[in-house]
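Below, each structure is written out as structure tokens.
Next come two complexes, and both contain chain A; in the first it sits with chain B, in the second with chain C.
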Partner chain A sequence: MAAVKKIGAYICKGCGLDDRLDCGQLETVATREGKASPCKSHDFLCSQAGVDMIAEDIKSEELTHVVIAACSRRAKTEAFNFETVAISRANLREGVIWVRPDTDEARETTQEMADDYVRMACAEAKFTTQPPGNTEDKTACRHLLVVGGGITGMTAALEAAKAGYAATIVEKSAQLGGVVGQLSKRIATTAPFTELPDNGVAAMAAEIAANDKITVHLNSTVTRTSGAPGRFAADISTESGSTVTENFGAIVQASGFKPYDMGQLSEFNPDNADVVDQMGLEALVKEANGGAIKRPSDGKEIRSVAFIQCAGQRSQKEGHLSYCSGHCCQTSIKQAMYFKQLDSDIDAVVMFTDLRTPGAGGENFYRAGQDSGVTFTKSVASEISAGDSGPKVKFDDLLLNENVEQEFDLVVLATGMVPNSGVDIEAEAAAPAEGEAADSDVVASVPVESILNLDYRQGADVPQLVHGFTDSHFICFPYETRRTGIYTAGPVRRPMDAVQAMDDAAGAAMKAIQAIENANLGRAAHPRSGDLSYPLFRKEGCTQCKRCTVECPFGAINEDEDRYPEFNEERCRRCGTCMGACPVRVISFDNYSIDTVGQALKAVDIPDEFDEKPRTLVLACENDAYPALDMAAMNRVEYSAFTRIIPVRCLGSVNTIWLTDALNSGYDGIILMGCKKGEEYQCHFVKGSEIAHIRMSKIDDTLQQLNLETERVEVYEIAITDVERAPKLINDMAETIEKIGMSPFKF
Partner chain B sequence: MTEVVATNQTIVVVGGGISGMTAALEAAECGKQVILLEKNPALGGRVSQMYKYFPKMCHPTCGMEINLRRIKANSNIRVMTMAEVTNVSGDTGDYTLNVTVQPRYVNENCTACGACRDAVETEFDNEFNYGLNKRKGAYLTSNMAYPQRYVIDPRMIGTADADKAKAACKYDAVDLDMQAEDLEIKAGSIVWATGWRPFDAAKIQPYGYDRIANVITSVELERMMDPMGPTGGKILRPSDGKEAKDIAFIQCAGSRDRNYLKHCSRICCMASLKQTTYLREKYGDDGKATVYYIDIRAIDRFEDFYQKVQADDNVSFIKSKVASVTEDKATGNPVLNGNNLEQSGMGKDMRYANPHELVVLAVGMEPSVDFNALNVGLSVNEEGFIERDPGNGGMFAAGCAADALDVNRAVQSATASSLRAIQVVNQVAGAEG
Partner chain C sequence: MSNTAMVEKYRSNFLKEVAENVEEGEWVRMCMQCGVCSGSCPMGPHWEHPPQELFMMIRANKREEVLSSSSMWMCTSCYNCIARCPRELPITHIMHGLAHYAKRLGLAPKENPTNKFSQRFWDNLTKTGRVNELKLGLSLYFMNGFVEGIKTALKMKDVGMGMLKTGRMNPLEILGGHGVKDKSGFQAMLKKAQELEAARVDK
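And now, the complex of A and B:
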């Protein structure tokens, strides 16, 4: 990295910029105020000739920074990608001429807008450094830790090994295979759908044993996990108490599920030996070993069997599972087929409300069940009691609209999946301290064993999304983890069947491998893919207030022995929430800091009070609000010429000093545009928008101290589709300012 | 001639919807060389035409923005649009794809300034909006179009309007002499992420999509809801342009039916449940939705969403396969005829003839490529989806090329396929030392 900063500025005259703006004036601003040298204009900057001109200058002038004054940073990104220099973009097209009318009277304020964006880009450049990335040797450990040896974990290990990565499976029980290992047969997924395949576990276990890239620890658990992607360290402890510590590059958590405890369903007579759950039936089928399936109470051959779907599931009753476990409809069809394939005269009835067999395979399997003579009846079972010849089921037939009682030799309850996700760290954080709840009527819950025993400040396991499942919060990104380098797969992530779990295992293994490769280069995972910066921390100024360690959405920051924050580089996703949180401003990034934004906003020319040209600062989330404003420009939706927009990584990165600085330098209004917060949050940095709302609620005090109206600062949730709303909110602020008057803080 | 650098360590991803983008990105972010082929002029696929995703009710373009930013930042990915695979030869680790690239008539000089669009007058049906409105003959497919480069409709070529487009461009970007190109691309592994298309509703004769104006499809409703879409975000009846507030949703329109699609398309139940919330969003208590269904397949934790919708008094559910839709000529209201199964009881007549202001057909998904006709050695099931089969060699299906999947599962599938493609090229790399 060159020690001397040298900024070149390049101004585009294309796309009508030269018609609408005085580009000579922009050059003067860049040169005189921005101290850019060289500073050149080009008729068509993104053309090969324009790009070559810049590339040539970077070489001959030894530029470290390049200011591109042209279109939005979202446009022509590949053309203006010069890897060795830091780049700042002044958005003159989407940010200025496309949102302003082409009229004589608008000309002056439009030019002022453009001048300011050039000043801001130059200021940003001055305080940015191109981050070097991971400059150390590429030492990231190309070895996956797979926690759980069911088919999800086994698949993850095998798939990773096929790609050339080593894997270690840690399995709590004495053998591989998990729940699927206890099944007689699996659901058929290919034509003709009547041939039920073996559970496949033995073959996989043999493949694992023969693979020298895979190590297996049975009767073992992970008792401590520390480190970061590329350099995790895990203590693997056996039942007998011996512990080994090994290094891993990334982790796949495939800790599976427990079947719901059918003992809780008292209405279904769970103590009756002839009422079993789906796993109970699998055991009976295995026991029968191809012969007649016999009922547990008296060993009588089963001639009639009922399957009650959604037992204790899809129900709001206390102790029930509110969700659907996804696999149980197909599992019951399979189990009914066990009987039908033995003897088509055996009566097999499936009682369901909605039969859920989606996709091509699912529907074919349902049809195969129907063809083999299984009876499907839309009904709700309400009670099981002991009948004369077997359990008696009371149910409402929803189609015939009548109450029926019928005895069967065996009843199978299709109960749900309960994920093995370890400690609910959020509930733990919210729980009252020990002693406080002593005399409340809250039932003390059984302590849950942690799966990963992370030594992270935020808790011992990965955060749960809902109902104990550790799924990602995002539709588009099922592996968007909140613990970088740790990916959950299989039914611990979301209810799913075996086939899906195996696909999921491959997906999670993919992300784990990617986390290792990212760690090697010091590169961020999405949404800031490829970002090579790390949080830089100036320890001398730190007051140990802990805000950064508490607010980091990714658990990247621990506390060291002296209670200072300890940054774990590759856990970081570069959102800047720590930077926004820090009251003494000792956290920054090479390419994003208190100064890159703070100096940009201060570079704006603030006309004095009597010019009647107010200034509104907009800090816009780069993922949603900024693109929405770009698209507004593409559709020529106009907004106030007094607006100056700065994209931020996340509203969570907004440090209140920026607002104080802006108010002190005479801005008349400030708008913060972030993502949706709350339960269905849209922020890919989890709580950024929410934290910003909380921080800004305190800005009112500052405003009052300055004797300013509270309406001057607004925080909004903006979606990427708010193409018309976002400009409207800007114009609303302009109106507000007109009403309440200019800020007195103009110098 | 377009230069394409590819080797037998290159991964080619066919299809640039969310599955293809994901497969390409996951591999590229592992350092692999990837070529992403897309048939249309821009990436994004079906999801970019959706208003919101279930169950979070978030906007697909949000995730698309992130994926596009990933693509722009990654020099390992080469995106080729208007490109279609015509043949594949070779074997695992050593494939050759024949690819035809249709002319865009606009080269990479394009700055997306829009001067050509402003210059031309001819309009065509807007396929992005399923023909619900028109677009110019020089156009960007959408606000999110990537590459952000205009297209000249081939039907413009040879017209005076096309010359106007050329004259308007200051950057020499309009090239009306551009020709289709046939390319050969090497690859070690191929990911098929060719996605789905909505089942042709006109084929379901009894539902009258082709003759009753106020019968529309679920995908059309998505476009109507887009504030920047063909109706400015309003649900308008095609017959009279009035806002529709009483809407019926017919489930399994074309799905789970031996006459049309045998399979369950998985997404349609959740899509209709989602769309019932659009009514609440638009009209509050004044909107009324009725869902005609066989089974509501709100699988796994989607169940929460179903329960939320069930709790809405303005949404009702009728268990019934609708027999036919007729039209009340006086009002333009479609009338649904059928038999309510749930309360029928023994011998009771529960036939209904229910008028609604608008009918939305929850149309099914079918694979958008006929892999049997393409004949490149893929194992294909009866429904036309690619089967998981070792015989497919180094070719893998991602997303809805593999099965009818929702977005989340499609992305999951694409991520898994990306790993399988990496396995192949890593083995090639290992063998070559």
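And now, the complex of A and C:
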């Protein structure tokens, strides 16, 4: 960090900016008000010549800050990438000329808009410093901890080893392999889809044993995990009680699943020895060892078998799993093929309501099952009772519209997957004192042991998303849990089959390696990948209110012995939710702080009350709302010229002081644009938008104290696709202001 | 219905029987019950059991119900179902195969018009090796009784006269009509074919 701040401003005349705006005036604003020197215009700033000009100045003038007044900060990021200086961008293209009509009447307000954006960018630059990145000599531990030795964990360890990273597998049981290890054969995934491959566990275990980068702890669990990416420490305890502590750079949690307890399905006669679940059948097949498969009750050779799909799952009944476990249809097809390949005269009936065979080979595998003579019937089984020759299934054939009762030698229930995700920390936090009524959710009501035993202030395991699965967003950020450096893979993350679990393992291992390397360089992980800033904390001002530690969506902040927040920057995702939470404003980032936004919004020229030129401040989430507004501009959707937009990292980083400052400065309206929150959330920082909405629900009091109308502040959920809606909301606010009048706080 | 209770449901005996004995019958097990065939059939609403349902009945081991059904006799060979089946089942051929198999076993519905027409067509054709249209037409008029036949004949007389005048119908055909050159050779050929088929079925 250079001692003296020196700001250079560069104004682009390209993309029609020069035709629509008085660039000379912009230069004047930057020099006089923004104190930028040098300040230059260029006809085509993002061209090689323009970029070279800036690079030259940075060197010769020893610039520390560069203001680029051109297009949106989301455009031309490769061109305007000067690593040694702090950069702020004035959005004159998407933010001004593209959203305003090219008419003589509009010219004045359009110019005012541009002037303000230049002022704001200069103000932001003044209060920004380029984060230094990792200045200490950190050598992150390049060693992965893999919790769980099933097919997912084994794959993760092998993939990590292939990439040159050491891995340690901690497996609770006495051997590697997990659930897949108990399977006789696996689902066929290659043509002709009739050859069922071996489970492959033995070969993988041998590969692991031969790999000197992989260490295996059997009969062991992780009894304590502390630290952060690059410097995790884990206690690995064996059954016998001995404990070793080792350091790891990142963690892959592949703790897998338990089959749903078929004992809960009383209508299916679970006590009948000839009613088994899919794992039960695997055991029978293994026992038969290639010979005739015999039923458990009397050892009779099985000549007819029924498979009941969706047993206790995809059902809203209490105690059932509401979701589809994804693999059971193909597993049942495979298991029916066990019988058909043994003897094509054995009757195998699969009763399904919706046959789902995901994956590239899925449909072909279904055909292979049909071709081998398995009968598929769209039926709902309602009851199993003891028949004369075997369990009697009562079912509705939905295609023939008939109620049928038929006896089979064996009935197999396709029950679902229950993730081994450890303690539900959110339920635990919300749960009433011990001894009171337990949660009705089956998954949560079963007493569980923690998987990771994290010593994080926020709980012993990673947070769960839905139904006990540990993802943080199935579509947008798979593997990413809400604990940086800890990645979950396989059925603990979402229901899946072995092929998907192996893909998952590779993905999570790669993410874990990335986390290690990021930690080494002091860079943020997803979604602000590569961000070198981290929360700076002024301890003297802290009142120990704990809001930051509680609200951090990623559990990055612990508490030290004196009850002050203890920031683990490697765990931090740089969303700024802590900064937004802090009532005394002692948390900031080098390049994003109360001042960078606060001073930018104060830099805006507020015309006096009688000018009839109101000002609306929009704080827009940089991940969804800001791109939506950029796209609106690309489509030339016009919005009010009285709008001044400032992107924020996350709505969660919005500190209420900004709103107070804005209202005090004379803004007439404020719009906060965050992401979709709640169950189907789209927030990149998971909880940021939700937290902001809660905070802003209390803003009305402040407004009333200031004797202002509550309509002046609005909070919206904006999706990236809200290209028409976002500008409309801005215009709605302009109309509202016209109705309720200007703010009285203009000086 | 009384004897169906004795039949084991959802056993694949009948599915196998169909696969072995019905033309293209091995395809029945590949049906995925999407119902596109039933939806595409122009006669669909008039079928007792549309094709996809017939296939499910075969899998549910409903032998009697399937073979005595009039359904497959409804097929007009428009090939809509074959063109549209996502699983590429030769449905039209299976329908004719099923009808043929039912007929051979004597289970086909006796009063079904398609069944009756088919029998008349066969009898007419195999006599001389050529279809005698006059005789076939008349036999169809009287298919449902004498009075019905007279009524139909009177109704159709203008058409018949027109055909006579334009030389489209030869009244002398009623006396036996034309045929193939080697009639006994043709019949010997049919006999041999029937023997071969019987041998295949008995196998």
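The rule is simple: the second predicted complex is superposed on the first by the 725 of 747 C-alpha atoms of A that agree within 3 Å, B and C clash if a C-alpha of one lies under 4 Å from a C-alpha of the other, contacts with A are read in each partner's own complex, and residues count from 1 in each chain.
The rule is simple: a residue touches a chain if its C-beta (ideal position, glycine included) is under 8 Å from a C-beta of that chain, and two chains touch if they have at least 3 such contacts.
Keep in mind that what you see is a predicted model, and the values were worked out from it rather than measured.
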Touching partner for A:Gly373 - first (chain B), second (chain C), both, neither: second
Which of chain B and chain C A:Ala210 touches, first, second, both or neither: neither
Which superposed partner A:Ser304 touches (first chain B, second chain C, both, neither): second
First (chain B), second (chain C), both or neither touched by A:Ala174: neither
Touched partner set for A:Pro358, first chain B, second chain C, both or neither: first
Which of chain B and chain C A:Ala163 touches, first, second, both or neither: first
Touching partner for A:Ala430 - first (chain B), second (chain C), both, neither: neither
Touched partner set for A:Leu399, first chain B, second chain C, both or neither: both
Chain A residues touched by each partner, larger count belonging to chain B or chain C: B
Partner chain in contact with A:Asp503 - chain B first, chain C second, else both or neither: first
On chain A, the residue positions that both chain B and chain C contact, one per complex: 355, 378, 399-400
Complex contact set, residues of chain B against chain A: 18, 25-26, 29-31, 53, 56-67, 69-70, 72-75, 109, 111-114, 143-144, 148, 170-171, 226-228, 256, 262-266, 295-304, 307, 319, 341-346, 348, 381-383, 385, 387, 403-405, 407-409, 411-413, 415-416, 418-420, 422-423, 426-427, 430
Chain A - residues contacting chain C, complex: 304, 306, 347, 349, 355, 366-367, 370-371, 373, 375-378, 397, 399-400, 404, 406
Touching residues (chain side chain A, partner chain B) in the complex: 14-16, 44, 46-47, 71, 74-78, 81, 159, 162-164, 190-191, 314, 316, 322-326, 354-364, 378, 398-402, 466-467, 469, 471, 473-479, 494-496, 500, 503-504, 506-507, 509-511, 513-514, 517-518, 525-527, 529-530, 623-624, 627, 631, 634-635, 676, 680, 682, 684, 719-721, 723-724
Contact set on chain C toward chain A in their complex: 8-12, 15-16, 29-30, 32-33, 52-53, 56-57, 59-60, 87
